[in-house]
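The following pair of complexes shares a single chain, subunit A, combined with subunit B in the former and subunit C in the latter.
On to the complex of A and B.
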């Protein structure tokens, strides 16, 4: 596709596949130099922040889950923690552990999906995991089985893996027995070994030499690898409480995108597994560190293509953490703490598979939502994706139109953009021309 | 087979990938020729089966769904958005211009219709699969039926029937929780009452699941019970029916009738 003249060149590729979302990439090249990179997001807006207003707080976890079918737990977790802050509730002990376990399930499911079905086909040269399975059936079957183990955790705790139903303010509508949880153990043990195998396998891929200078942002907790709690920390030394998020991070709109861009003091930054590992590697258990060391990679990981490795590492961590939670589980005295409604504003940030997810709610004395603000990870990474493409493009200018476009697609896929949260369906367009 | 996405959360497409044990067999039984979320290969139509996720919320999508219809022999909607407009159909009771102003600082850049409508509001639909998300077992059964040349049929029962079969204690009778199970179609496995909470209607009303006199769900009776028996005030009754499938005929009628009592 595309057309060429000696001085101007336009490349338009139909759609970037294996991402969730609708948008387009437009790259303008003038006299051999990259002028503009615009990630244009066409995902039709669904206005969650608007129609949450007027709903009862108890409905919020069911509603916000529908922002994303891939990471509904993240939305539910950020929502309940923000609302619990308003009501002065602290969910601790076994209930807190079960929330971590549920989140582990989502990380395992989401990361296995991305590693095996979305990104690995790029490295092995296939259009899809289904096509890859014809030559590598054992590999794809392994990925699907790890993914299924994550889904099994979510189904046990939440009733189903897509839009689980048990999460509520104060805890859960139902908690499992010890015996039910132990039923997961055998498969999780298998998946743990398969995840370690995945890291070793992913480390053998050939990676482009590319290391942008990132500002990483992630939660940081004194004792744990972060899911639901912690301070927000950045690789350039900022450490703030979640309540200060909006003083440092600002959302702004660009004409070409339906997703708001978020910047840290005016500059793009990176959230997600790479950022989490770089800022929290000392919170990983020795067994995970050991597998990581075995790959020969050194920290910090700076190559976005290593996203596949960082997801594999977190998959292993989430499996180990799941086993740890199950091992020490004693059912809580009640499935959910009693709630006393009061008016106020609450904020929370949790680590979605793709990075920090910030929520703020204001509710009135009847428990009705009066204001909602949601900042998803992909809108935070948007600016960074554009900047990476700008830096990566020069080495692609000698490639054919189709090959350059394919290479850009691969860069975008590194971020596992959750385009349901921000975008849907990427169409890539590269304009090449001379200066005017 | 082609898989197409409109305004949605991707959860129903993910349910296809969640088939896990059966996914590779499915890929062998039929040629998945267009499924951008899972594959870079994007074959042009015609398609024997088109699965459609998501609702119509932009003028461009209203145009695109007609082109999908033209290329498909069997068009099947998957999920609440495609089948009933989805949670984003809550805008249908609101002023979308004011919604834009809540979310975007420069609302003039945003192209969006004032409504979110199901696929059947735009083109002929051959089969509808309900649920938010769909049940992957139901999806597999229907595709298997189509491959075998059998007309797909799904149970028309309400969630209550399935809930009784599972041996659950009724959450409404025993705990006084306002449950939509009596008016909601089955298919989920009655998971909400099984998890100790109310059904919130994500598989949609039982209307259309059966034909014949007296078959639409008796939402009026259930709403009356919520109000009289469980002491819900009218706004709470409205919220019960105005959720994920709020823009379906019977749920919409019920929520609007209680809105007048607020």
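On to the complex of A and C.
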């Protein structure tokens, strides 16, 4: 679609497929140079912040699980950790392991969805997973089966398959028996091998030569690949506690979007699988490092299109970690620690599939939420997506409008932007013209 | 989800986000049906399920999906689509909170040969989907009608099943 005048050309693409959420991208090109890139997204977490105020702390895990259909566990984990900090609770041992396992389930599901259903069609030349499924049913079925292995963890630990309901402040409303967890093992073993195969498969794709100079940000833990805790570290040497997040990361309102853009010392930065692997690869177990080495890729991964590889690597890691947790599991003495309500403010950051998810809550003496702040990964990556598009656009200027738009979609999809809390339509406009 | 899975071949799947205004309509209809259907059909509250729908439909002979839609028609308009006979336009479900659209998942199921024999999708025209808002009066007004329509179809299907 498009219209042309002697001076300007506008492409309006109705929807960017396979990007979760609602939004629009407007690219302005003048005299053959990219003038401006504006990504507008609708960001419901902001609306949930207000919705949480006045609610009892015990309702928070269930409410925040509804913000996003893809990463409900991430929202629950950041929320319960922040509230537990206020109450002076520390969840350790088997309960902590179970939370880690639940998070593995979410990563497996989310990454399998993105790798197989959302990004692979770009590399194999299909407009959608449905089109890809016609020619490669076995591939799509493999992706769906890996995803299902993650979903089985979510269903067992979360109490149901779409919105987990068993997570609570202090632990879980119910914990599984050893036997129940062991029931997952056979399928997780299959999925582990399939994930290793996925990495080898993704490494055969042809990748555009593109390596922006990113500042990576991720959690960093002394001896674990990060899920639920760690310090916030960046590739330019910053290392802070999560409580210091708001001193270094600033949110800005931009005129064209209702989503806030987050910057680190005034500049965009990258969160998510690429950032995590680059900052935490030494925390990956030898078996995962070995598969990664077999791809011939060297770290740090700087090409956003390698997002599909980094997700595949993390999928393998999450499967190995799940099996490790299950193997050593002994049910905890109680499903949840006793809670003593007290007033205060707590912060937490956990690693959602798409990157760090920051929550801050202020709770009063009755356990009622008085203030809530949520900074989702996609709002942190927004500035970086725009910057990537600015850098990538010049090589697209000779393409037809439709082809340029498709190429932009592919860049955006590398980030797996989860604006899905809203809807799944991203309108894209490219305006081309000569100088005034 | 929080309903029991049984061996019944008729399954009703309600979709939506209960905290987001009219988006809750599918869930609310499913909840009402739990009360009136008893063991005549299995009812699943699927929240914002996307690709998970493939699993949620598995094993059922007949599936009724209930979800909010936006097609530009009047608020509360009830659409009925026979998915078994052909695809639904993806644009009908643009405002849903689901990760991958319902229409796309159904087509994926068809492509992979796992679409249940009979799939009927009920779409209720939604308006306000703001967080924390209630159902709009026009959508609330048709809740009972949707429930009755599905009830009638379930009874007819159950009848056909028992004859065949």
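Throughout what follows, the second predicted complex is superposed on the first by the 424 of 436 C-alpha atoms of A that agree within 3 Å, B and C clash if a C-alpha of one lies under 4 Å from a C-alpha of the other, contacts with A are read in each partner's own complex, and residues count from 1 in each chain.
Just so it is clear, a contact is a pair of C-beta atoms (placed from the backbone, for glycine too) under 8 Å apart; a residue touches a chain by one contact, two chains touch by 3 or more.
Only a predicted model underlies this, so the values are computations on that prediction, with no experimental measurement involved.
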Subunit C versus subunit B on the shared subunit A, clash or fit after superposition: clash
By the touch definition at the top of the document, which applies to A:50: first (subunit B), second (subunit C), both, or neither? both
Let me test your reading of the model: by the given contact rule, A:70 touches which partner, first (subunit B), second (subunit C), both or neither? both
Tell me the contact category for A:260 with respect to subunit B and subunit C: first, second, both or neither. first
Counting residues of subunit A touched by each partner, does subunit B or subunit C come out ahead? B
Touch test for A:174: subunit B only (first), subunit C only (second), both, or neither? first
Look at A:145 in the shared chain and tell me whether it touches subunit B only, subunit C only, both, or neither; answer first, second, both or neither. first
Applying the document's definition of touch, where does A:335 land relative to subunit B and subunit C: first, second, both, or neither? first
When the complexes are fitted on the C-alpha atoms of A, one of 164-172, 182-190, 218-226 or 254-262 in subunit B overlaps subunit C. Which is it? 182-190
Residues on subunit A in contact with subunit B in one complex and with subunit C in the other? 15, 18, 20, 22, 44, 47, 50-51, 63, 66, 69-70, 113, 117, 128-130, 133, 137, 140-141, 144, 147-148, 151, 159-163, 165, 420, 424-425
Subunit A - residues contacting subunit B, complex: 14-15, 17-20, 22, 43-47, 49-51, 53, 55-56, 59, 62-63, 66-70, 72, 113, 117-118, 121, 127-131, 133, 137, 140-141, 144-145, 147-148, 151, 158-163, 165-166, 168, 173-174, 252-253, 255, 258, 260, 335, 409, 419-420, 424-425
Sort out for me which residues of subunit B touch subunit A in the complex. 5-15, 17-18, 20-21, 23-24, 27, 32, 35-42, 57-58, 61, 86-88, 90-91, 94, 96, 98-100, 102-106, 109-110, 112, 116, 132-133, 188, 191-192, 194-197, 200, 202, 236, 239, 243-244
Which residues of subunit A touch subunit C in their complex? 15, 18, 20, 22, 44, 47-48, 50-51, 63, 66, 69-70, 113, 117, 128-130, 133-134, 137, 140-141, 144, 147-148, 151, 159-163, 165, 420-425
If you look only at subunit C, which of its residues touch subunit A in the complex? 1-2, 17-20, 46-52, 54-56, 94-101, 104, 107-108, 111-112, 130-132
